[in-house]
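Some structures to go through are shown next.
Below, chain A partners chain B and then partners chain C, in two separate complexes.
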Partner chain A sequence: MGQGINDKVAIIGMGCTKFGEHWDKGSEDLIVEAFTEALGDAGIEKKDIQAAWYGSCYDEFNVGKSALPLSRTLKLPFIPVTRVENLCASGSEALRGAVYGVASGAYDIALALGAEKLKDTGYGGLPEINMSYGTKNRVIFPSISAPGVFAMMANRYFSKYGMTIEEGKRVLAKISVNSHRNGAKNPKAHLQRIITEEDVLKAPIIASPLGLFDCCGVSDGAAAAIVCRADMAKDFRPDPVLIKALQIAISSGEELGYTKWDGTYVEATGRTAVRAYEEAGIKNPREEISMMEVHDCFSITELVTYEDLGISPRGKARNDIEDGFFTIEGRIPSQPDGGLKCFGHPIAASGLRMLYEMYQQLQGRAGERQIRDPKVGLTHNLGGFPQMNVVSLVIVGL
Partner chain B sequence: MGQGINDKVAIIGMGCTKFGEHWDKGSEDLIVEAFTEALGDAGIEKKDIQAAWYGSCYDEFNVGKSALPLSRTLKLPFIPVTRVENLCASGSEALRGAVYGVASGAYDIALALGAEKLKDTGYGGLPEINMSYGTKNRVIFPSISAPGVFAMMANRYFSKYGMTIEEGKRVLAKISVNSHRNGAKNPKAHLQRIITEEDVLKAPIIASPLGLFDCCGVSDGAAAAIVCRADMAKDFRPDPVLIKALQIAISSGEELGYTKWDGTYVEATGRTAVRAYEEAGIKNPREEISMMEVHDCFSITELVTYEDLGISPRGKARNDIEDGFFTIEGRIPSQPDGGLKCFGHPIAASGLRMLYEMYQQLQGRAGERQIRDPKVGLTHNLGGFPQMNVVSLVIVGL
Partner chain C sequence: MKGIVSYGGYLPLKRINRDIIFKGMGWLHQATYMKGEKCVANFDEDSITMAVAAAMNCLEGHDRDYLDGLYLATTTSPFKERRCADIIGTTLDLKSQIRTADFTDSTSAGTSALIAAIDCIGAGSANSILLCASDVRVGKPGSSQELSFSDGAASLLLGKEGVIASCEGSYSVSYDFPDHWRTEGDKTDRSWEDRFGREEGYRKFIPEAISGLLSKCNLYPKDIAKVIFPGMYPRDHASLCKRMGFESDQIQDHLMGVMGNTGTAYPLMILISALEASKPGDKVIVAGFGNGSDAVLFQVTEEIEKVKGQKKGIKRYLESKRQLTSYEKYLAFRNLISPEGGIRGEAIAYTALSLIWRDRREILGLCGTRCKKCGTPQYPAQRVCVNPDCGAIDEMQPYRFSDKKGEVFSFTADLLAFTPDPPGIYAVIDFDGGGRYWFDVTDCDLESMEIGMPVEMSFRRRYVDEKGGIVGYFWKTVPLRF
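So, the complex of A and B:
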């Protein structure tokens, strides 16, 4: 591997819309809102942006998927704007493009922005999306759904670690309760209300053992980051946030061997974590990471991610969850902004939304949700399925 | 702007399939073929590839557009693979991702690959693609087509520079004749045959004044580049090809002001060219560029591009075309491999296909089409329409 991009690039401005059901707005409105906040936050003007990367899974303009929705909406005349797409990691991929663009020396200041208007698409989750390979000539998994595969993961996990379904569901319920507890304090979250374990356990089942409150929201929203060369970041603000590590891994499933993989972990998260900790110089993540936003598309995903990240030992995330290790008062607060579960999940905006929270927490600007003296924040995205996915990890610090 | 990426990154291996109607192959077959050639050409193994960028407008796998079609096809376990899409510049965007990834220090060796299986999609040109904005809630240009808008450009150009339709059509015919003359010698070209001016002039009209032979092919194909740090490139081969400039510009149309723009040029190409020449240290492109592959989606596009690139003065490309300036024996041979017109146009493969020709020409490996002692090659892509587009320029040299 190369030398990494550790400390070469800093974030100097961020913006994020309220996530939710924006029936009265188009993706253009959301893009403008997130960008305007980021620009004001960085204290720069639009003309200072030299290049941009745009993440979106659904936003189209005229002739297929391009960067035109961002370029045209923001009237960014003639600068390079690139469209990236990698499932739920699309927002982190936009950041990665901007970070490499700056670290390469090609640009001094670049924009990463992710936006989705999911509510306009009739998006109801993965079953509506075509399940084909190549150019629609080979159908696999014709009846799979995201809740379905993650439910299988939950059942496998409960079985492997000797939990009954009732025990397991109660552990998972605590995950969603924590997210809603944090998100209820967040004026930008989609679903701003406290829920109880009983609410979770009594909710309608989506795919057993996962119920309605084990599943994240489907939201509209946009989030943006402005990055620049680390050596010029303090010209813009006293508290720029440094990119300490940025790693992506893609797993197409076949390399695992389905007969060997028991469905209770995501291999790509573990691989990405090892690389990201090395890049950031983190020896003991359980001791050194201050806070996290992980990809809780389903409650079981969050639990398994704690183990995949090496925070909780295999099979022991339950203990940490029950001990309050991941609450806002705990040792490593997780989902301080409410997570996908409560803040919402406009696919390509989510990675940058997570970063927005880590950024504001590091700067001491998280208001009621402020974590005491955080040093290092981690964001994690999982796009796709447990066995076939794109995983991104970003580690940031002051 | 930053310092540019001039001479930081080199190409050490390339591959390209035959373009054409591959009814007996899937995109997987094309990907494997282009990749295998590139790997062999670089003399490395698959495990040496540390990250990859994939350009495709149509290739899908399972749950929407991601990098999984490349990752899964090549069995690239757990390395980062990113999907980029920017209309007809998608292949150049894949290269740009790989180049920035290496220039940033994140990776030593990276892959860029573009592939399309257009023939499987029922692709018949832009009219089949939905013409909407945002999330399909606002229709503009409901009846526009690519031949339609480029035909308007041709008519405007003829009018502005005082040519009758018959005169103009005869100039354009020479462009297609040149591409077929070169491509007929290319065993990988889609349409390997010589055509005459009379063939072009007598062909069925697609959108007046453009006839069938003024329009590029619709093809299946894939092309790949392996790039590495310039300082290690000679460890792999004696004749690596250096990236001298890599520039992208996106134009959303509104910045031009439709009342001011007369439709006879592409502003983004001109802007990109200025930046690329500066990055490559080129003072006089007409003297310093040895050869080109430009985006001849239509014959008029190629003519206007000669002027936009500053090779021919405004309104004077006709003279250069009539003087044979762009033929294989001319001062700046253009489309030595046959261009989009004759080699074919599998959208996201085209940028890398152009580079494949420049790379082999620089290395003296272009066989019957070999240009004498070329020093600097240029590739140009135009995605979208004359007024709203993505333009990429790559300049390479030894």
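So, the complex of A and C:
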């Protein structure tokens, strides 16, 4: 590995809209809101931004291709703007562009912004997947949906670890209950109510064995980060947040094309975690990570991520979940903002939304949800399916 | 010697009891009431997919490269112009240097194609021809045709070597008989009075063809082990046989009560069921019906003993069934009602036909690749080996998955993704011999799905783009039928 990104770049401002079904707002409104908050938070002016990276996934339902939607909406003064798309990790990918731009020395201050307007399709769930996976795959893929492909992982996991569907679903229910408990305290979350295990277990099935409360919502939203050289960060604020690691791993295709993968974990998460921990100098993640926001698109995803990140031993995440290890009072609070479960998942905004929570927690600004004295926060942003995916990890600290 | 070398049948899994149709459509005339059940093609099946299924059964154990031709008989082609035989040929991964033809527009097209294929072989123009006959017959809701019409397919491999039933002659009569017809834009047949078709057609043409064949071959009814012809009028079937001089033990069960009238495939399907129970030396006559009649004489050879019980013909398919208890679902499967698909259901991306052409062997033929370096089979076809310990570039040879069995690696039943028959079940499949890919699962319910369940492949309609007039054919997974 090269030198890595560790401590070279700092976050000096962030913004995040309320996530939800914004029938009265378009992408442009969401972009302006997230940007205005980030700019104010950093205490800089628009002209100080030297380059920008814009993440959006479903351009066809959203604002169109290219970086023009961001530049035109914010009237960015002919600076370099790049649009990035890497499925559900598009927001993290925008951050990566901005951070690498600054780390290279090319720019002092850069903007990363992710926005997604999903609720213009006319139906529930994500936009129909066959529209977006290519001319050949749409012929030779089965009629999949996002809940379905993750449900397949749940069936594999239950089978491998000898759980009945009922047992497995009860473990998964605790994951969703935890997120809702946190989300209920977050005014920016889409779903702000407490739920019970029984609510989860009684909910209608979406893709067996996953029910409605095993699935994250679909919402509109935007989030933004302003990053700068670490050595100048304190000129802007006393508590900048440093990027300790920024890693991404992409499937080689062997999970679905070869027969080695056993379907109970996400290969790319494990691969990217090894690199991120090395980059951040973390030896024992279970001891050193203070808190995290993982990509809980579905309850099962959160469960296997605990294991893939090396927090819980293989097959043992259940014990940690049942012990309250990931609750806000636990050893590593997970989803302190409510997670995708309560925020919903405006694709390209989610990665930056997770970072927004870690950033505010590190600065002691998380209000009712404040975790005591966190040192290191981790975000995990997964795009695609367990069978083929894009995984981005960001580790931040003061 | 020329004749039948192999056979394969196919009946869709679903059956509907005719009482369900009768109860659904109360104004049916008592006189046209028919007992028993009929086959129902699933929503993702059509004449092409069922022809492929029968042909796969027929070709099991036979070298596909040896084929010189492929004929399809159907009155229910999904296309007005685009030859189905060519789609089937590509799907079966046959070589391109073959002759193909679609025989159509009459239910006797099955026997017409049979005679054409045998004559072609007899003339020395081909050594081997694969014949498929397949129909999804749709009757107007409430009509007597709806009770009678059924869905199914038959396939015969015709050739010179390893003949199990040699062709000894044929006799045809042709009439422009207007008992029923379908024109541009008609979804279902129009027909003249039922008695007219029965008395002026069925009762006359079939005896004319069979008697003509007997006298042409200097044979008498007593020489024939089984006489085989469609039984769309069950009572007349028995009396016709009697009138022609056949005893009851010479009459092949017409399967009307358990299968129904499968159109062009019908005479060939009952021929197959006769062959399944035949013995060397048996002489059988099969006759088709529609715009006249064709009658063909076969003599069963010693070779029949080698295939008996080995082939997937008709008998086991008749036993392998699941009842469809909803008449409304039957109507929806045949596109006779249009249930809500939602905006998601309408969100179908365009099909790149140049891609379908370029990757035809991969998409229609389900051919992937196998790495020459490490031996890993992989789908879809790859240029760079997927085995992480290999990664060889351009060391691939074609590898056909369509005839491989496999087991379920993981699965789900999805209520979000659109399917005309929810829930949509799909699974990742590990193939016997290596290779993994994911497919829709059809002819199956969630309750019977489990990890490790043995499965096989079935060619189906993967999607239909009504706006573009495109049927997206691909392979799905099904539980082992038997």
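FYI, the second predicted complex is superposed on the first by the 372 of 398 C-alpha atoms of A that agree within 3 Å, B and C clash if a C-alpha of one lies under 4 Å from a C-alpha of the other, contacts with A are read in each partner's own complex, and residues count from 1 in each chain.
Assume a contact is a pair of C-beta atoms (placed from the backbone, for glycine too) under 8 Å apart; a residue touches a chain by one contact, two chains touch by 3 or more.
Because the structure is a prediction, the values reported are computed rather than measured.
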Superposed model, chain A: greater residue contact from chain B or chain C: B
Touched partner set for A:121, first chain B, second chain C, both or neither: both
First (chain B), second (chain C), both or neither touched by A:208: second
Partner chain(s) touched by A:315 [first = chain B, second = chain C, both, neither]: neither
Which of chain B and chain C A:271 touches, first, second, both or neither: first
Contacts of A:249 with chain B and chain C, given as first, second, both or neither: first
Partner chain in contact with A:263 - chain B first, chain C second, else both or neither: second
Chain A residues contacted in one complex by chain B, in the other by chain C: 121, 129-131, 135-136, 138, 140-141, 252-254
For the chain C and chain A complex, residues of the former touching the latter: 342-344, 347-349, 351-352, 355-356, 359, 362-363, 376, 378-380, 382, 386-388, 409-419, 423-424, 426-428, 430, 434-441, 446, 451, 462-463, 472, 474, 476
Chain A-facing residues of chain B, complex: 1-5, 8, 26-28, 50-51, 57-69, 71-72, 75-87, 93, 96-97, 99-108, 117, 120-121, 126, 129-138, 140-141, 229, 246-255, 267-268, 271-272, 383-385, 388, 390
Contact set on chain A toward chain C in their complex: 121-125, 127-131, 135-136, 138-149, 151-153, 155-156, 159, 204-208, 252-254, 256-260, 263, 387
